[in-house]
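Labels run A, B, C and D following the written order; every chain starts at residue 1.
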Amino acid sequence: MLGTMHEVQSFKLSVRVPYAHVDQMGVVYYAHYLVYFEMARGELLRKAGMPYGDMEKAGVLLPAVEAHCVYKKPARFDDLLDITISRVEIRGTRVRLDYEVTRGEVMIATGYTDHVCMSPEGRVLRPVPELKKLAELCPSSTLRVSGKPTVTKSAAG
Amino acid sequence: MLGTMHEVQSFKLSVRVPYAHVDQMGVVYYAHYLVYFEMARGELLRKAGMPYGDMEKAGVLLPAVEAHCVYKKPARFDDLLDITISRVEIRGTRVRLDYEVTRGEVMIATGYTDHVCMSPEGRVLRPVPELKKLAELCPSSTLRVSGKPTVTKSAAG
Amino acid sequence: MLGTMHEVQSFKLSVRVPYAHVDQMGVVYYAHYLVYFEMARGELLRKAGMPYGDMEKAGVLLPAVEAHCVYKKPARFDDLLDITISRVEIRGTRVRLDYEVTRGEVMIATGYTDHVCMSPEGRVLRPVPELKKLAELCPSSTLRVSGKPTVTKSAAG
Amino acid sequence: MLGTMHEVQSFKLSVRVPYAHVDQMGVVYYAHYLVYFEMARGELLRKAGMPYGDMEKAGVLLPAVEAHCVYKKPARFDDLLDITISRVEIRGTRVRLDYEVTRGEVMIATGYTDHVCMSPEGRVLRPVPELKKLAELCPSSTLRVSGKPTVTKSAAG
């Protein structure tokens, strides 16, 4: 066990866009959204009582095996963006997280990342129980790392 | 017209992985692949006779509206990666580019990015003729920015 | 005038180190500190009532002409770092800002950046009055963007 | 011994500026120069027969303890920059490298980085013999990783 599972229900990951992230079109360069996703992921795991650093120390890495992002509206320098994890789902050895990036009421981007649990030697492991529990808490778009934070068990759950 | 269309057939984009891109798992951090994709894109456009800088000066931006990456094998510090654009396809106002990242014979990652032509004011434009021509040259996975560089018209083309 | 000058006295810029910033030594890669400096700079200007975005819109750019950083202790993934601007000083056309990066009581890094005010065409301008006022407020290491925030006029002031 | 020392005399590190590195002023964001320095450093060590990856495997890390950069002229998207290491100097346990970034004949930036040899446990080591030999080869600004590549022993050497 990596830690005690906490309820994840009311916190927020906001990112102030630094000049470093804005390109000469005056908008956030597209690769940085994957960094924002990672920051939200880290925040989620910490709030859930299993900081990613502790996972690594316990011998469980969580590398990305797939990433996807849809860019809907440009974000700009100094924008305050909210990064929300709207769903965590286990599919076999894969863990998928869905993300939304918003500025106020405006949807800026959506995306997902797929991960596997992996040993330091590179062997794929089954998802750790904590991740399964996290996925059970939010089977259908109700876990929010930011925005309007609520954790409710969905009808389908 | 942004420039004269050149045949794109024998050049190579190789990237030496800097320490800056490697995380504490000892592998290339996942967001940097989108930068490698962009570098190959820039190289492709330049070799095709329409450098992206000239496109922007001519009032045509090419922002990403979608990006996707599948991570197959880890890349490490100092690896020499080849970034190949295997296909350019026009779908309505969208231009999709397919990428492969290889280290020698090893497939490291694949992915695609979708772009639209856009005016500086943010209006979506139809793809410029040069992009259409580029897509005609490589309808099915034969354009190579690196690796084994050939441009052959596919059977399906 | 870019805006009304506010007193800068009690705010804090904390940065949670993302995985993206940590290299395979397990420490924050050295270039990212310059990004942390920029984030603190942006925060300082916003809190002082002259957000950098407004400066740019008013035709005053603030490019860096020199940067310096001393790395004292490593910072690691998930560390919560405080970025403090300890001094703002005008030297002719140059504006120097001094920075401290701390983790709790531990000094992680110090540094400075020099900037000039510049027109969009690249002409060096005299520092805008707001920057002069900011420098007067903190001639000797008392302005704090984070940590123990106080703005006191120094004896030497 | 980490490897056989080769003579370093005729190679070149050129960097094509990607869109990722350019900010909304249309110039290379200041932190990326430290990445360019690192890329030149890596290239120098490899060409000298002691790739940094091998150093790490042999238990010798080379973290930066200080970095400095002077920005003279802006670099822009798609510029082809040459990164030159003009000097390597040992000062006690410190190794200083001097850098020049040029675009054709135009000096874009200069800078230096200081490093120490360190054990994985964080103990400062004396500079490895290979670094000393590298410094002897170029005591006063004659080692060039790019540009006009020559290694000549200076009069002062």
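List of remarks:
Definition applied: a contact is a pair of C-beta atoms (placed from the backbone, for glycine too) under 8 Å apart; a residue touches a chain by one contact, two chains touch by 3 or more.
From a predicted model like this one, the values you see are computed outputs, not experimental measurements.
Contact with chain A and chain D alike is made by B, C.
Between chain B and chain C, the least number of touching-chain steps is 1. Most remote from chain A, judged by the distance between CA-atom centroids, is D. Chain A and chain B have Cα centroids lying 27 Å from one another. Of all residues in chain D, those that touch two or more other chains are 19-20, 24-25, 31, 35, 38, 77. Listing the residues of chain D that touch chain B in their complex gives 16, 18-20, 35, 38-39, 42-43, 46, 51-53, 76-78. Within the complex, the chain B residues that touch chain C are 19-20, 22-26, 29, 31, 77. Remark: chain D residues 24-25, 27, 30-32, 34-35, 38, 56, 61, 63-71, 74, 113, 122 touch chain C in the complex.
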